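Got a structure for you, questions after.
Chain naming follows the written order as A, B, C and D, and within any one chain the residues start at number 1.
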Amino acid sequence: MENNRLKHKLYIIIFGHHTRAGRIFDIALIIAILISLTVLVLHSIEGLATEWDQTFVMLEYFFTAIFTVEYLLRLYCSPKPKAYATSFYGVVDLLSILPTYLALLFPSATFMGVIRLLRVMRIFRILKLVRYLQDSNILLRSLLMSRRKILVFFSTVAILVTIFGALIFVIEGPENGFTSIPQSIYWAIVTITTVGYGDLVPSTPLGKGLASLTMLLGYSILAVPTGIITAELNQEMKTHRNLVKCPNCSKSGHESDALHCKHCGSELATPEKRVVEVDSEDLK
Amino acid sequence: MENNRLKHKLYIIIFGHHTRAGRIFDIALIIAILISLTVLVLHSIEGLATEWDQTFVMLEYFFTAIFTVEYLLRLYCSPKPKAYATSFYGVVDLLSILPTYLALLFPSATFMGVIRLLRVMRIFRILKLVRYLQDSNILLRSLLMSRRKILVFFSTVAILVTIFGALIFVIEGPENGFTSIPQSIYWAIVTITTVGYGDLVPSTPLGKGLASLTMLLGYSILAVPTGIITAELNQEMKTHRNLVKCPNCSKSGHESDALHCKHCGSELATPEKRVVEVDSEDLK
Amino acid sequence: MENNRLKHKLYIIIFGHHTRAGRIFDIALIIAILISLTVLVLHSIEGLATEWDQTFVMLEYFFTAIFTVEYLLRLYCSPKPKAYATSFYGVVDLLSILPTYLALLFPSATFMGVIRLLRVMRIFRILKLVRYLQDSNILLRSLLMSRRKILVFFSTVAILVTIFGALIFVIEGPENGFTSIPQSIYWAIVTITTVGYGDLVPSTPLGKGLASLTMLLGYSILAVPTGIITAELNQEMKTHRNLVKCPNCSKSGHESDALHCKHCGSELATPEKRVVEVDSEDLK
Amino acid sequence: MENNRLKHKLYIIIFGHHTRAGRIFDIALIIAILISLTVLVLHSIEGLATEWDQTFVMLEYFFTAIFTVEYLLRLYCSPKPKAYATSFYGVVDLLSILPTYLALLFPSATFMGVIRLLRVMRIFRILKLVRYLQDSNILLRSLLMSRRKILVFFSTVAILVTIFGALIFVIEGPENGFTSIPQSIYWAIVTITTVGYGDLVPSTPLGKGLASLTMLLGYSILAVPTGIITAELNQEMKTHRNLVKCPNCSKSGHESDALHCKHCGSELATPEKRVVEVDSEDLK
């Protein structure tokens, strides 16, 4: 009984966002994530790594300990521990602490490459910050609404780069650096997205002609996803506008920066609050 | 008579999409195309090609046999074989099997370059997948509706790159790598599309000034096709929305993710089904 | 009197587009321009130039003769010869024939560079083709309507690249290739337009940070001209739609691909004709 | 008393834009800023700097004197000198004159790097020109209205480049040029913004795969800010249109290039004047 009350209290602090303690916990966690990321990034710089190696290793142990405690507390106080452990954030939380323990278990130098890979995965913890971003639900809804159109677009791009890659492979051939079709598809992607590294360029006149075609195509089909998202976003913003209702006359259609109802003049919720409310409704 | 019924049955399986057998045939064909493409792509990687050469050649014969049977069956059961043979997909189907037979007929090493070119053409079979992409008709219609505007845009780009190419050829000259006007037009395309390989860059101050102008122009006219397609897509989406009618009250204007009629509440066709219907109507 | 009638007849053929003779003259001129351009482009390719030099020079004399006759006829039959000679197309026409005569007058090798520059100016004749492009008036009007906004945008870009160029010059300095502020402004333009040649890249950590900022800024302000033109084009298309009136019930608001009036069903002018009419009205 | 009237007169000339003297002062100041900038830019070109060094130094003293007088006058006549001195333009004005005095105080060669940095800061004076750009308030308001959405977008980009940078660092490693995570994040920014310098490119197949993913992602999320700004600009332009009222019938809704009221035909303020008025209202 006593145990259950403690569990629930912890649950409200760790998983909730509405109490003062809950908000303090959230902010402390964000700061811990950002500092541990900074340590990871600095550790990758050779000059710093050799000089401060001991400090960095110590800090890594420290943050691993903190995140381990956080992970265990979440497992303990969650009403459905299994659901948390298998959820997206649960897996990210586990992956961010595992590598340090693995490095302790297998300290041999041969595993260093794998360990380095795993340790960097802690960076995915940064994704936990996404849910604190306000106003993201309009953007997200627009992307979700247009997901099928975007899928069609990417399938078309995939087909195009395969065809252009195969053609440039035949035209330029291995003697000009296009050693295989996958390599040539990589070139086609670099060209169609207008990135243009320049590590692989056509050198025959025919190849340059095909490259020009690829560029112009990429240049113009760039317009398609923009068109899709703009059209969808236009719709979303109109709908969103109608979601905000005046508390007095309950009429809607207010502009997104309106502070007073345009029908009766009574004060509206501030834009910040409005957005947060919609946000939390959507995330539940 | 008996023959005709078999023909019609085959026709429904091979060309149709509405029976179970027709769908199974479609899926089997897609899988065959994707595997044969993978073989082609892997065959182009030198390391793999020398080690597994025999296997790749065998697989190529195998898929050529399958696609040959498919091609002959299509010719046999089609009510208008000539129309099929001269249609876009008919030509693609023929081109995807021809190269292997040609390689058998002319096995001399001197034709290898040409054979390689032809064999890669099988990759165009991937285009057959396009018609299985849902939601593509809205995008396609938007592109078709704005085709004249896009043509004007590309003519303008063609004129601009010709002028800029000729100017940079005169300013920089062969001593800085701009060896001819076609070569300089290639540079202008690389620059105006913001690809920027860097294999050909201006080195005189005047050339750099002209390059800056080309870039800024490319940067801003990039906005034109986006504007065209967005405006057209906006129109299309409004029209499309009006195409979905409620089966109960037959009123239209539903949002694209609506599951129930907003006028009477009765269930609507799911978005997936809706789109498929419009698709097949359009493709007929 | 007789003279005047000949003059007027010539005027209708050379300047007009509505008679059969006028259209034949237009098409013949377009063909002559395109062939003379092809000759110019081919002449710039070294291999071809040495082998066929005599032929190219002969063709150049031939086209110069044709364009000279055209220019003199235009001067002769135009009701206001001075207005034509000082108009944009008049100057372009003169500049496209002048260089060949100058090359004859000053055949010394020292002037070759200047002559080459002048000869290439014939390429501007290609601009005469622009007025034959249909559907260009909607695009043009959108650009004209948003010209002040685009000017503001370009002024902002000019200010930004000046500031970023000066900063990178101080941070990286001549020892890393940023030899002067103009050179550094060129780098800023290459970066902010996302062209990214790679001939000039930052090498200090601080320089890379500034470069990252420049890129992200360029990436996001790219959206501004797109937004401007899309918004303007949306407006234009709505207005344009209202310009097409049904000849029977004279109601407007037809979609741009409509063939029949949606109010009374009578046939509308085909889209091609509709556009041409608006075009010629606008160009007068 | 006498003093106060002089102060007020100076205030109207220096800070105001509505009197003739005020406008002449503004124009003279713009010219002085542009010339002093040109001097600064030319001074950075090595060839010119050694030859004309004395002239450039003299001109720098001259413009520093002018801008010092301007700064002191602004401090003197402003009703709230402290507010001006701590305002954005006040700081910019001070920073643009300070470096020359510092160079006189510390003429030793060791401080040359710092002095060069400070002297270039005069370039920020160019920002003073922004407020003379007309039509900028619609663009500015659109950006302000969408600032929260753009912030969300940039946070997402920041998270993405951190993750992609960390992954490529692990995949490619220091042996392929990806020496640290900050360096790899720089690569991710160069790639996701489609700049593509090519100074740092993946060389392993897995790295190329990740790079392809980064490019395609950058290619498509480029659409998001465009969508945001276009949608916001559409809204703004509709609102702006309603701001212009006919002086006779006081109805609104005129197109932005309308010269006469479409309801009663009486003349409207010219577009240029209209914009200026809204401008100054907004800036106050």
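Here, a residue touches a chain if its C-beta (ideal position, glycine included) is under 8 Å from a C-beta of that chain, and two chains touch if they have at least 3 such contacts.
In UniProt terms the chains read A, B, C, D = Ion transporter.
Not measured: the values here are computed from a predicted model.
Look at the CA centroids: the one farthest from the centroid of chain D belongs to B.
Of all residue numbers used where chain B meets chain C, under half belong to both copies. The two sides are thus made of different residues. Note: Cα superposition of chain C onto chain D, rotation of 90 degrees, nearest 5.
The chain pair with more C-beta contacts between its two chains, of A-D and A-C, is A-D. Centroid to centroid, with C-alpha atoms defining each point, chain A and chain D lie 30 Å apart. One finds 43 Å separating the Cα centroids of chain A and chain C. Along chain C, residues 153, 182, 194-198, 222, 226, 228, 230, 234 each make contact with two or more other chains. For chain B in complex with chain C, the residues that touch the partner chain are 145, 148-149, 151-153, 155-156, 159, 162-163, 166-167, 169-170, 174, 179-182, 184-185, 191, 194-198, 201, 205, 208, 211-212, 215-216, 218-220, 222-224, 226-228, 230-231, 234-235, 239.
The residues of chain D lying in touch with chain C in their complex are 37, 40-41, 44-46, 116-117, 120, 123-124, 126-127, 129-130, 133-136, 138-139, 142, 150, 153-154, 157, 182-183, 186, 189-190, 193-199, 222, 225-226, 228-230, 232-234, 237, 255-257, 275.
Across the interface of their complex, chain A is touched by residues 194-198, 226, 230 of chain C.
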